[in-house]
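Here's the structure we're looking at; comments come further down.
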Amino acid sequence: MNLVYLLRRLVTFLLIVWVAASINFIIPRLAPGDPVAAMLGRMSQQGASVAGSAQIIESYRQQFGLDEPVTIQYLKYLAALARFDLGLSLSNFPTPVTTIIMRALPWTIGLLIIATLLAFSIGTLLGALLVWRSTPAAARTLLPLLTVLAAIPYYLLAIILLYLLAFRFNLFPVGGTTRIGSANELSLSMVLDVAHHSVLPALSIVLSAVGGWMLGMRAMMVGVIGADYLTLAEAKGLKQRRIFLRYALRNAILPQITGLAISLGSIVSGAVLVEVIFSYPGVGFLLYRAIQNADYTLIQGITFFLVLSVGIAILILDLVYPLLDPRITYQRR
Amino acid sequence: MAVRGVSFYVRAGETFGLVGESGSGKTTTDMAILRLIRPPARVEGGEIILGDTDLQRCSEEELRSLRWNRISLIPQGAMNSLNPVMRVKDQIGDAILTHEGRLPGKVLRERIIDLLHTVGLSPDVYNLYPHELSGGMKQRVCIAMAIALRPQLIIADEPTSALDVVVQRLVAETLKDVQKRLNAGLILIGHDMGLQAQMADRIGVMYKGQFVEVGPVRAIFKNPVHPYTRLLISSIPSIKQKHQPPPAAAWEEIQQAGPQDEPGMQEVEPEHFVALSESIALGSAG
Amino acid sequence: MASSTVVSVVPTQSVRWRFRAFFRDWKLVTGVAILLGLLLFGLVGPLVVSEEGTRLGAGEYSAPPSARHPLGTDSTGRDVLAMMVYGTRPTLRVGFLAGGIGILVGVILGLISGYYRGPVDTIIRSAADITLTIPALAVLVVLASFLRTTTVELMAVIVALFAWPWPTRTIRAQTLTLRESGFVSMSRLSGRNDLEILFLEILPNLLPFIMASFVSAVSGAILASVGLQLLGLGPILTPTLGLILQYAFEYAAIVRGMWWWWGPPTVFLMLLFIGLFLISMAMDEIANPRLKGAAE
């Protein structure tokens, strides 16, 4: 793979992370006065317990290096980030923020990967099929339904699903990931339990996101359908299935993947709110509780983490893309 | 572009040149032969007889299996006719595999490289992607693809139009060579009269969706009857004579001469047919 | 024949209003109808329903719908219908304000970026791409937590920070294309200066795209603002639909079966999003007619 391409992508990734870090640095300092005192002030305002506040203040002064000039503070901050030192949680003092996030992260990653993969593959396939001649007309009724669903944000769907399937019809649990009181060992029943609890959150994301992918792929396919290489493929007497997969879909999917990279940010944003609604113990729910507890370091840590994750995911996608589109490595020359 | 009353034949080993300007119906005709006409256009009747098979009466599946096997296409604009995300070997290979079933890897590879050799391409091309090839090379890959199954009939739609002059000649010669080897019929579509003069045995001139003149190439060039044919021939640059733009009167004549409601051709010489109307007298051949 | 041929080339305006297709498009009609309906609700409602209902303790607590309170009351006794009616306008205001800012910035940056290209273009494009890829909610949360979104307007401004990249990209892409088109070259040759070209030639052709982007931006802004409110980070003094949802959620109204509380704002918002989406799809098709041809 072209080295220049790789470098460009890495630089973009670092740029995104750096911007997020800087935003996290600047915002608390926008409020006039001492940010730590301001933080603590607000915490007590919101009634959060500030046990051991003297310790907290001390550790923060050290960490923030508040007596030092801003640039030094900034550099120290960036250095800490590079070590994945996100500070100590205010509401769970003195547990490091990183530890807390790590506990919640696997849930979010699991939910997101499954939901996104499902929505993307189903949506893309549907979108492609809808444009293909030999697809039965009955399938086209899906189009308006999924389009309407695509307009609705994940969290509204979550509310409705929560009400309908969990509350009203008791098909699924109302929240969490395991039944309260069940043992935490890894067993088949536990896995099934988790899966059962994850259905509604995943469904909230998938039902809405599918429409978007479907519409996008449909648009791409329309562009590909008129292409000369499709006509020639037909003239060659190739089987319809091969033409669909290797000639049409394979070409139309390229911009879809770029689209996936771009929409990762909003998918994550949506997933956060879905977790909140279902009390799903991922990073999103953690954020919600952090907000309620005015735990600013945790809030900042989660934000940074979210941006980092999205950045990494996009980087991976960017690296995978040239494998699918042979033209890319050459264009960067 | 609607095509009406088009009727012609091509013998094995013979090249039939389909000539006319853009929009005259040439591509529509070849698409119709391949039965690739898509809605909203449709074929309203007639027969398309290949060997002993009437293509009009074939089902989709029958058509699919005889396509490329017995009749293949070298498309206009090879630039866009190759799948950008497939290697050359796979694009040539998939036609072979589809119609002949699975082949041992080595055998397939040998065959493809052989085909490439026939069109004058080095074995390196085997693994390349289309965007790594020049225009001429892409066109020759298309020719290699088209002959892979030794078809009876090859339709070449403007095979040289997007190429520069030197490459044009190379491609034209390759095509001719290939046709001879297979003893296949070749329908050569184009508006380059010079190329037609070199390659075609017989020519059909189309104007606005109908044939206006059909005949052996020598006869047509020596004795063009229809005003449109004459116009086409006169547009070939000649070293001897300075090129004169056709007078407005020539277009008038052409307008009056066709298209006909009832296309009927008259034989003015052996094998040389012209669609005549009252305004063209038999004696106005020039 | 010595007739002198004078070349006269008239630069044609390439603005083709496809609005004749306006009313034939079911998406547009339905979308606009929905939007107008909701707007009407928000405008006429306050004339009919008393504002008293939005005060704490205006009625019984957590009461289901009755004659006196057609949509029931919430856990603090506020009349849900009143909250809905008085909350519609602020909700819409956030959307239109943030969307407006977003589109204004987007058009300006997009025009500059697409027309002048060069280093300015690279900076603007990178900034837009970075802003797009960052998960908006995360940064909005940080902003809102520290900056205390006390008013609807402030929340709109914060949300607008993420509303501008998409319009910028769209406008930039279109400007890039239009820049090369015939009539722009003609204008340049006839000595028009850049500003005139930008505003008189290019901008009118961008109108369908601007409208499509505006509608999307409004929708996205409302989505983000309600999201923020669900997390508890929105303004609490002004009634908005998001606020109703926020209280309802905090009180676990969903699992308590108080459907009259969380239901109406949810349905209203769903309709709003669907309506806006339909309109923006229709706008997209007006801007890019090829999309219509897809086998439906």
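Residue numbering begins at 1 within each chain, and the chains themselves are lettered A, B and C in the order written.
In this text, contacts are C-beta pairs under 8 Å (C-beta built on N, C-alpha and C of every residue); 3 or more make two chains touch, one makes a residue touch a chain.
Not measured: the values here are computed from a predicted model.
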Give me the chains shared as neighbours by chain A and chain C.
none
Which pairing of chains accounts for the highest number of C-beta contacts?
A-C
Between chain A and chain C, what is the separation of their C-alpha centroids in Å?
23
Would you mind pulling out the distance in Å between where the CA atoms of chain A average out and where those of chain B do?
54
Would you kindly tell me how far, in whole Å, the mean C-alpha position of chain C lies from that of chain B?
54
What residues on chain A touch chain C, complex-wise?
12, 15-16, 19-20, 23-24, 27-28, 30-31, 130-131, 133, 140, 143, 147-148, 150-153, 155-156, 159-160, 162-163, 166-167, 174, 218-219, 221-223, 261-262, 264-266, 268-270, 272-273, 276-277, 287-288, 291-292, 294, 296, 299-300, 302-303, 306-307, 310-311, 314
Where on chain C does chain A make contact in their complex?
126, 129-130, 132-139, 141-143, 145-147, 219, 223-224, 226-227, 230-233, 245, 249, 254-255, 257, 259, 262, 266, 269-270, 273-274, 276-278, 281, 290-291, 293-296
Per the touch rule, the chain A residues reaching chain B in their complex are 227-229, 231-239, 242, 246-247, 250-251, 254, 324-327, 330
Of all residues in chain B, those that touch chain A in their complex:
34, 36, 63-69, 72-73, 75-77, 80-86, 94-95, 98-99, 129, 131-132, 142, 145
